[in-house]
Every structure is written in C-alpha cells, then in structure tokens.
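Okay, here's the structure, questions in a sec.
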Amino acid sequence: MTTVLEARQITKTYGDFIANDGIDFSLHKGEIHAIVGENGAGKTTLMRMLYGMEAPTSGDIVCQGEVKRFQSPLEAIQSGIGMVFQHFMLFPTYTVAENIVIGNEPARGIWFDRKLAADRIKALCETYQLHVDPDQKVSECSLGTRQRIEILKVLYNGADIIILDEPTAVLTPLEVKELLVTIKRLAKQGKSIILITHKLHEVMEAADRVTVLRNGKVTGTLEADRTSAEEISRLMVGRELEGVARQDNKAGEPVLQVRKLVVKGANGKALLNDINFDVCAGEIVGIAGVSGNGQSELVRVLNGLIKADQGSMLLDGTDVTNLPVRRIRAAGLAHIPEDRYLWGASKDASVKENAIMGHYRKDGCHRFGLLRHKRLNQLVHGWVQSFAVKTASIHEQAQYLSGGNLQKLISAREIGQHTKCIIAAEPTRGVDLGAMEIIHRQLLRKRESGEAVLVVSSELSEMMTLSDRILVMFEGEIVGELKGKDASEEEISLLMAGGGRA
Amino acid sequence: MKNWNPMLLSMMQPIMAILFGLTAGAIVVSFTGESVMECFKELWRGAFGSFYFLSSTMARATPIILSGLGIAFAFRAGFFNMGAEGQMVLGGLAAALTALHVPGPGWVKLVAALCAGIAAGGMWSVLAVWMEVKFKVNLLISTLLLNYIAVLFAGYIVSGPFKDTSGSAGLAQTAMIDQGSWLPKLYNGMSVHAGFSIAIGLTVLFVLMFRYSIVGYEVKMLGLNPSFAMYGGVNRLQMMIFSMVASGGLAGLAGGVEVLGMQYRFVDGALTMPGYAWTALMAALLANAHPAGTAVCSFLLAALQTGAAGMERNTNVPVELSAVIQAVLILFVSVKFGYSFMRRRKARKNNGSII
Amino acid sequence: GCSASKTKDQAGSDAETKKPLRVALITPEKIGVNPFFQIMDEGAKQAALTYKVEQKTMESADPNAIEENLRVAVADNYDLIITSSFQAADALKKVAAENPDKKFIIIDDVVDLPNVRSAVFREQEAAYLLGAAAGLSTKSDTVGMVVAMDIPLMKKWTSGFEQGLKATNPQATFLVNYVGSFTDPAKAKELALVQYSKGADFVAGASAVGDLGVFEAAKEKGFFTSGQDIDRTMIDPQHIVMSQLKSADNVVIDSIKQFVDGSFAPGVYDYGLKENGVGITYVTDNNPFITKETIEKVLQIRSDIISGKTSVVNPLK
Amino acid sequence: MDQLFDISLLNSTIRMVTPILLAALGGALCARAGLFNVGLEGMVLAGAFGAVLGNYLLNNLFLAVMFAIGCVLLLSLLYGYFTIHLKANVIVVGIAVNFLAMGLTTFLLSAVFHVKGAYYNKDMEGLPRLDIPVLSKVPVLGDVVSGYSPIVFCAFLLVIVLHLFLYRTVTGFRLSAVGQSPIVAQSAGIKVRRYQYAAVLACGMLCGLAGAQLSLGQVTMFAEGMTSGRGFIALVAMMLGQANPAGIMGSSLLFGLMDALSIRMQGLWLPTPFTMMVPYVVTIMAMFFFKDKSYLHGTTGSSR
C-alpha cells in the first residue's frame, strides 16, 4: 500500500492559539480517509496546509515521497492535489463548463473554445459517472449539482488526491447517498480521498480509515471496519455522548396556524401553493423535503422576509400575515435561519452584536433609545456558556468563530428569545456531534415547556429524533403528514420524491 | 480594550502613513532645489504655526468634517453617497436664500437657514434613494450625476432669479446676508466660526450614537450584512431613507455652515472649487467610516491644504507643486501601512481589497 | 510666487538710503487659464523693476485662500496690497475695514472704503467696437461668440457686442454659445464649428482658454475670429483679426507709480475707451475681413463713444 | 427642430465622444478586474499633456501618441501599485491620482513650456484626418464616417476588439473571473494580481490614447484641466454600459449626442444651465431601463 500524501508533525499556530499540534497523518493510494472532530478541532486548518493555502508553522508535508513546501494552491494542484471547499468556490454567473475549466481552459490560440470545453466536460461526466449540464448557469444549479461541479473541477485538473471539506453538510439525503457512491467509485478508480464530515454514519459507510482530531491533536487513526461510531465519538468528544431523551407530553392549543398560504415567484409560478398546517404548544413539527421544494420560501414568508400573495397566518391568535419582520418577531416568533452566513450572522460584527440581534428592542435591553450594554453583555455571556460557544471574547469578530460555534451562537440567540413559537431551519448543519446534542436538547426543552417548534431539515435522522409530526413538502405543496414515531425513512423519502402525489 | 482597538487603529494608521508620505514629499521637494526642512516647516506653519493659521485650518476642516460625517454615515449603512458636492451646493443655496428671505429676527433666520440647508441636502439625496427603490438605479451613478444637475441649477438660481443686484451685479451670487444671521466667529478676527463647534458636536454625537444607540446599531448591522439585519427586523427601506437623508442633510449642513459662517452669501463655485466633497470622501474612506476617525482625517487633510497654501506663500516651491505634494501625501495616507499589514490575511478572506 | 528673492537683492543696493516700498499682488485664483491675471502679474513685476519696489505675487488656490492671503499680506506689513475681481471683494471688504491704515487696490470690482482704490472697466465699450467691426465686415450677416459661462458678468461682452453689431448691421444674426467651463478648448472649438456651420463667418472668442479652440476652428475652416483681454492677433494674424483689450497691467503699473510718487488716492476709477483701459486691436495688413474703410468707421464710432455721442448701455446696470 | 439635427451634429458627437469612450473602456477593464477607477480624469489629463509634450520633444505624431501612452502607463503603474500591492482604498487612490495629474501637468507646463494656463503653438501639427477610401465618397454616410483622426477609428475598433477579448478569449474570461471574485479566482489557480496589473496598465494605455485624442486630435494644444470632467463622465458611461464594451459605446454615444444636442438647444427656449443639464438628466433616465447591475457588486458597494 503506497502512501501518496503525508503530514509529519505538522503544527500551526495563530498567535498564541495552536490550531494544529504535531499532527501525523497519512493517506494511502485509493483509500477514503475520513477526518472527524469537533468544530474548531483543526480539520480545515490541516487541509488548508495540505492544499498550500497556509504554510505550516513547523513540520513537513510529503507528497509522493517528496517533501513539499507549497507556496500556493497552484503548486498543490500541480502536485495532483485538489480541494473542494465547504463554501463553494464557484462563479455563480458563469456556466458549469466555464467554472470547471477555469485555470486550464481549452483554447485555439488565444480564443477560449467553449464548445470543446463543454465536450470535455461531457466526456469527464461519462468517465466518472457524475452528471451535470455544462451549459447551465451555476446560479441555477442545486447545491448537490454545485458539489458535483466542484468535484469535477478537481478531477478536470487531474487531481489524484481529493480533499472534501464537509461535502455533505448542505446536501439532501438522496444527494448524500449519490455523493458517497461517487466517492467510492472514484477511490476504486485509484483516486485517494480525504473526507471531512461530522456525520459518523457517513464515515462508517464510506471510509476505509478514520483520523480523529481533538483540540488540534490526533487522538487516533482507526480502521473503519474495526471500529464503531461510538468509539469514534468518544475519541472526538473525549466523553460518552449522552443521547437526547424525549419525554412524552401532550400537545396543547395551536400556536402557529397557517391557512391557504400562496406565494408566487417572479414569473408568476406558485412557489408555495395552498399551505395549511398548525403547530401546537408543546409540539415539534418537522418539515421535510428535497431542497428547492418551497421550504425556504415557507420559512421566509412565515418570518415576513417575503410577502404572501394569498392566505393568512395566525400567531398565538393574532393575525401576522404580511406584517414587517419586526412586528412578527414581537408577536412571538423566533427563527434559526438556514444559511448562517447570509441570514444568520454578520461576519464582520462582533459576537455580541450578532447575539443581540432581535433582542435589543426587548424590555430591559434599552432605555431612551440607547442600548443597555451591561445587561446585554450578561445575556450574551450566559448564552455563550450554556451553549458552549468557543470564543475568546464576546467582542471578537464573528468570522473567527468556526462554523459550528457560530451555529451554536445563532441557536442560543433564537432559543433565548423565549417566544411562543420558534422556527429552526437546518439547526445543526455543519455542527459536530456534541453541539448537535446541545441544540437538540434545547429544542426539546422548549417543547417540554409548552412552546411550539417548527423544524425544517434535510437531515432525516434529525427530523425523526425531534418531530412529533412530520410534514413533507413537494413542489410547493404539503404532500403528506406522518407521525414522528411511526415514520420510516423509506416512507418519507418516497413522499419527498413526489410519490405521495397520486 | 477590544472596543478601543479599532478606533485607535483607525486614527493611528493615517498618522503612521503621513510619515511615509512626508518622506516621499521630501523627494519631490528636493527636485525643486528648495530646502526640504524649510518647506516642511512652512507646511507646518501654514497649518498650525500660529493661532491664526490653526483657526483657518479649523475653518477649512468644518465643511469637510460635516460632509465627511455624512458620507461616513451612509457608508456605515452600506450605501455609497458620491453626491455630497451637489447636496452641499443645494444646502448652501437653500441656507442663503432662507437667511435672505425669511422674515424675523437674525437668530431665527440663522436657525431656519441651517434647517433649510439640511432639508435641501437631505431631499436631494432622497431623490437618489427614490430612483434606487423605484428603478434600481445604482446609487453611485445617480448621486454622481445629480451633482452636475445640482451645481448647474444653483448656478442658474444665483445668476438669474436670485442674483445679487447690489455692487457690480455681474456676479453669480446672492446678496449678502444680514450680519444678524451670521454664524458667530469663535474668536475675533479669526476665520473659525461656530460651524466648527457644530461639526465637533455632531462627531461626538455620532460616536456615541454608534456605540450606544439602537439606531446606530441598526445602521451598522445593515451596512455589514443587509440580509442579516433584515432578518433581525431592521427595516432596510426605512434605514436607507434615514441614512441617506442624514448623509445628504449633513452635506447640506456643510454647505449652509460654509455660507453662513464664511462667505455670508452663496457664491457660484465657492463650494465646488475647493473640492470639499472629494476631500470629505477621502476622509471618510480613510477612516473606514468611523465618525471620530473621519473627523480626524478631515482635519488632517484640511491642514494639509492650508499648510500647502502657507508653503506656497513662503517658499519658492511653485504653486503647482504643492498639489503634487498633497497628492503624494494622500497616496501614502491611503495605504494605512500598519493596518493593512496586520490585516492582510483577513483581507484575503474578505474577497480582496475592494472598499 | 518666485520673484521675491530677485527683487530683494535688487532692493538691497539702496537699502541704506531708504527701505523700498513693498507691494503684494494677490490673485483670486491661480495664474493660469485667465490671461487677465497673467498680465496683471506681468504689470506688477514690470512696475517693481521700474519703480524699485519690492513685489510679491500670491496666488490663491481657491476662494477661501483669498482672505487668508490678504490677512497674511497685512500681517507681513506690505505697504500696498493689490487684488482683483469679484471673488476677492467680500474678503477685501472685511480685511480693509479692519485695517484702515493699509492701502488696497481692487481691480475689476468696487469696494467702497476710504482706504481702497477700485478700478473697473467698461468692457462693453470695447465689445461694442468689436461688434461694430464684425457687423460692418460680415458677408454672411451671421456672426457668433463663444462664451465661457452663462453668468451675468459675461453679459458685458455679449451685450456690448450685440449693441455694436445691431448698430452697424441691424439684420445680422448673432449666435451665442456657452462652453460651461473656462478650461475646455475642445468644446469651445466644437461650438465655434457649430456656429460656422450655421453660417457665421466671424466668431468672437470669449471663453478664456477655450479661445484657443475657437482660433483653431477658424484656422481649420477659414473663418475669422477675435481674442480677448490681451492681443492675441499675433498667434495667427490671418484668422485672428481682432482682439479686445483690457489693460489690467496698465492699471497696476499706474497705481504703483502713483503710490510711489505719492499721488495715490482712493476712490473708484472707471476705465473705458476714453481712459485707454479697454480697446481693440486690428490686424491691418493683408486682412481680407476688415477693410480700411471699416477701420475708419470703427475709429469714428470709438471717438463717438469717447465724446459721449454714442452711448453703450451697461447690461449690468 | 430641424436646426437641431444635421450631419455636423453627428460629426461633432463622434469627435467629442472618443476620449470619453476610450477612457470608459479603460475604466471597464479595471472594473472587470475588480478595481473601480476614479482616477480616469487624471489619467486622461496626463495623456493629453504627454501627447503635446511628446509632439514637442520628438516632433513626430506617432511617437507623440506613444509618448502619451508611456506617461499614463507610469501613472497607472502607480495606481496599480497602491491599489493592488499596498491594498489602499481604490477610490482614495483614484482621487489622489487626479490631484497628482493636475499638479504635475501644470507644473511641467510652466517648467517645460514656460507658460501658464495653456500651451498653444500655431505651428504644432495635430493628428491627421483620415478619409476612408471608398466610404468617404458615399454621399451622406461618407460625411458621417470619415474625416476623423486615426484615434477615433481606433476607439471604435477597440470596442469590437475588447468585446471579443472579454467574451471570446481565455485571458478576457479569466479577467472577468478575477473581478467577480478574486478569492474564487485565486483558488482556481489564477494569478489575480497579474491580471489586475494588466487591466490597470491597459486602462492606462486607453487613457493615454484618450488624452492624445483630446490634445492632438480634437484641438492641438494643452490647457490645464482641459479634461473638464470627461473622466467622470467616462466613469458614468462605464457604469451605465455595465462595463461591457458595446454597452459603453451605447452609453457614451447617448451622452455625446445629448451633449451635442444641448449645444444646439442653447438660446432656443431654455436657460443655458438647463440645456447643460440635458445630458445628465437623460443619462439618469436611461438608467431607469437598465436593471441588471449585477456586475457592479464586487466593484462598488452601493450595498456592500
């Protein structure tokens, strides 16, 4: 078994902070090597060094037997390393083909041969069984397709080593399955793959070996078929996971009532069509669906970010249809948004400024139009502690938080609103196991204290742990309702694929 | 501590860079064969050398600080106001006409005139907002183009309907405002007037506003990430109108203050020729739209200009070269050496260098 | 200002006998595009040499610098401070009133104070002559004028010209176009070309630097033109056949002379044709546009204006 | 009304528009590379001076134009160094470049030519007028399309060349990518800075041409500040044309035509200041119809 890429005693420090601490890691030819660890454990940092985006503070990177000092990603690419970032590195206004070939365009003289590019992409698609339409604009592609484009880009550049940083975080279950199949096929074809993920069942399904990081150190490298998810998670978190317990409790009066809701898109096509449902006090309702079937629009219209064309929504008895965001929030709605960088946070603002959004108008938080900083600081400190948000200080910029920690912060903020009703969209996307437990436990606690919770998630397991009822959306309509307890994955998947229509 | 750092930095960087700029300026000066030390001494003397010169630096800084604050305000909320010049001109015009034609005692006229200046500037910038909302016209273009229209319009008003008919009458200017409604001078025989106090007062007000008030927080959040602010319940349209009105109003106030405190009448070209608006734009950008930083940068740029005038008077450096030296100094100030070096990593993450 | 050191040396020789008088000229803008300030500067320098005074020119970079320059000149104890134009009038009013012992001169505007001497010009009289000459000479009965800006001040040129034109050639058409800038020869040239295309065979330039553009259009298309403020005819005598004069230099020299010999007095001095403060020049030899007879007629008009037989309306009054 | 339209109107529009068009194309290249160039005014001014200086020193029109380009290249190198290398704020650097050009040209005007205000020499030769062999004989069309300086033809040719460059060549494709997102471009292995420098230098070249057309094509002289705001109009034309060569040509021509029309409207019924507003008002109104401003996102920051 040949080793194609190796990290020897890699250390990376940012000021006083040690992000990677003497890491040893090796990648064999043709293997899928998973890397797992809590948020902020140093996974991405390690990958950035392997890909030449950062220089290690000390230690060596060995590629195909040679010690390398990559100055830039370009040099890494030339050594056959390709990386797919979690936050896609694509030009939304360009076509799929353009995005894939950029940096290595087929040309006749100075002319960019777009036709040849498209042909090559088609051939590439055939070889690797990854299907995209070369002429489509990336902005029109689904997240799953974008992921495929990223992988094709790496393959197009002739990479033999492919680094995937949390590729599955934004994908639907179906897309995840496809992706894992693809990865396995690529490994069979001789590519070596590093897969970062927080989902252990994916690790168990696809990986050959697993390396676990904790606090910048390697806590173990295991053969996947000789270990278990429990062992991995113990190495990751450093303790046993407790698991979340669900109590039975009776649902109360409806808190959120949605009636005949219709939202039309720019072209007049209905994005949401005749949506009716209730969420009752002490109940968690899950909304499942393949992304792009109206869940995002539903969440947005409920929060007042877009206007409904028809229908009404009642919150705790008051009509909040098409009210401004602030009024809806004041009427008692909290919201964990699905895209944390776009809607959920401001990277350039401080942790505290991020945390008080939506709170600053509450009683006790302001006086004569001025913010009561002392009070707010206390609040934020409380959340940071109870949700275990890893941050140096609450005055640090939010961009220095790792993605998972930012998600915890957002959840803390919204759960801390103490509203009658909370909408949680993808509440645990990209979040490690420990943090996921914290968030789940908090959502369940809300349910137990008699509040209404609406969860929108593409993660079926999450949906099934949390929900009392599951509504499935397809093409802007609710096509089925299941009891959380009795629902099976197959059943939901079938409904999500439109099988409930007939 | 954390809170102070960015503010301190935003003030320190221009000062650091000025040192580098002075070195570059020295090279330019040495080409003319003049004594470098002599020139810089005169540059300093022209800006701060005596109380008189300090006061004229303060007077010159007044409209720059005010419109700089305006530009910074809009910028904080995420909007680019390139129209300070037009807003300033209309503000000055409205102030002059109000002071001339509103009945009442002097101080009433004065207050009315200042309000008119603010209103005129604010309304002019709201026109740009309206076009952005209604027709999606990019603010940058519309505010830039509205400058030309405002300047031409003001020129017409003071060479036509409201022309000064006293004196030689050949001038595109309004009549002189009664002494009773002048902004008082802070010191006798010095050019600095009460407008400077207004500017400093507003600077402090904005610093406090951004640190402590709800509105300040909302404006800042909107500027940093509009989607996030909207999601959190900030009304973008309301805030856009508010911040652009404030921005234009401040530029209008700058014009009004200049008219009521310096020229005592609206003179065609007197607000545009010194390039106040451009200087203010630079000040706001250099300070990263921080209010206190903007005021400090405005003051430094004004000092650079009055200093250059002094250098011109008292050395043999030709007039033309002082513009070159100014430009060189500004170039170096713009680099923010210390800052950008420390934050280079971050800049890379932030999508390059733009704005 | 780079002349100070030179005059200082010169003055040094007779320094023991008596300290030379010191004269400051403060222009309201940078000396550059406006020849008016240039000749003023030249006049001052010439007078400094002739009358052995120490002279310094301060150019104001923008309108705010005028007052400062005036104050600095006062503080530096200059004996006579000369400034110019409406831009400086407000500042001078303040500074002169605060310093009643200092002597000031303002050229081209009036400041009514006991220590200020004001010199103004009746440009309309020279413009009248120019218009008359054009009216007498035009073959197409269409003449034009390219003006810098549509501001009241420029009416002295346009209106004077029109009066002269109508007096000699009532049916002639008068085209006026405004450049909108003092520094745009390219646009001035286009405007002259437009007027030419509308039939003008004479286009007067009144657009500061833009005049150069007008001259170029004339050379290109072969029509006739005139310059302003100083004698521009030597640039291209074949096409620039006249120039309207405004002798700011003479006014400066005169004033300095009077100041030196003690006959300087405040008050308003009005310079017109009579006082030789304004006038026009012609190209006399080999000039197909302005004939001998025309010149004679224009000279007649000139003496009529001087004698008061013909009166030129001041458009600003 | 027929007073307003004639062939000389079109002629004058084309002449007046050329410097604006060239500068706007240069600005577009910068915008494509993610740099919003406010320094166009200064660059054109430097070009105008460089052309006259080159003509005076070298006594050869071609070399004079090359000299102008060389001068502006130096200035744009400075612009590039500060914005790309030192990461200074692009707008501040742009404004400083304008100051610098204004100061340097007036200084050199008096240092080299010993004049203030303007340098004009009757014997100085301007750029020749070219007639297009066959077309110039065609009655109306011939008058419209021929009789301009080579730079005018060059400018309109450049519109096509740049269009092909941006949309058909590999380099143009990558340049646009850099402007869209420097980070993504860099991760694709594109040398972002190199492209940005190239764009800035090309912009300098175009501004040099624009200046040469102004000072040797339209007139034959240099006057201080003779650009009179054309650089800013170019900036507007660039934005209105969405940094796309054909669009820029359209918006420049629109502005030029309105400007020429406003000249003819002088003295008709509106006071002059209002006729002078016409081009600006029409330009703003034209923007009511262009709603896709997506390309501006990286470059400006109307909403950051």
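So that you can tell them apart, the chains are marked A, B, C and D in the order they are listed, and the count of residues begins at 1 in each.
The rule we apply is simple: contacts are C-beta pairs under 8 Å (C-beta built on N, C-alpha and C of every residue); 3 or more make two chains touch, one makes a residue touch a chain.
According to UniProt, the chain labels map to these proteins: A = ABC transporter ATP-binding protein; B = ABC transporter permease; D = Sugar ABC transporter permease.
Everything numeric in this text was worked out from a predicted model, so none of it was measured.
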Given the two chain pairs A-D and B-C, which is bridged by the higher number of C-beta pairs in contact?
-> B-C
By Cα centroid distance, the chain farthest from chain D is A
Per the C-alpha means, the centres of chain A and chain C lie apart by a whole-Å value of 76
Between chain A and chain D, centroid-to-centroid distance (C-alpha), Å | 47
If you average the CA atoms of chain C and of chain D, how many Å lie between those two points?
-> 35
Which chain D residues reach two or more other chains?
-> 106, 181, 183, 271, 273, 276
Pull out every residue in chain C that's touching 2 or more other chains.
-> 30, 150
Every touching pair of chains is listed here as A-B, A-D, B-C, B-D, C-D
Write out the stretch or stretches of chain D touching chain B in their complex.
-> 34-36, 78, 82-84, 86-93, 95-97, 99-100, 102-104, 106-107, 109-110, 181-183, 192, 232, 235-236, 239-240, 271, 273-274, 276-277, 280-281, 283-284, 287-288, 291, 293, 296, 298-304
What part of chain A is in contact with chain B in the complex they form?
-> 303, 305, 324-326, 329, 335, 337, 342-350, 353, 356-358, 360-361, 366, 369-371, 373, 393, 395-396, 399
So in the complex, which bits of chain D are touching chain C?
-> 6, 8, 12, 15-16, 106, 116-118, 120, 122, 214, 218-221, 223-226, 228-229, 260, 263-264, 266-267, 271-273, 276
Contacts from chain B onto chain D in the complex sit at residues 78-80, 131-132, 135-142, 144-146, 148-149, 152-153, 155-156, 159-160, 223-224, 226, 278, 281-282, 285-286, 318, 320-328, 330-331, 333-337, 340, 344, 347-349, 351-355
Interfacial residue positions of chain B with respect to chain C in the complex = 52, 56, 59-60, 155, 159, 163, 167-173, 176, 189, 191, 262-265, 267-270, 273-275, 305-306, 308-309, 312-313, 316, 318-320, 322
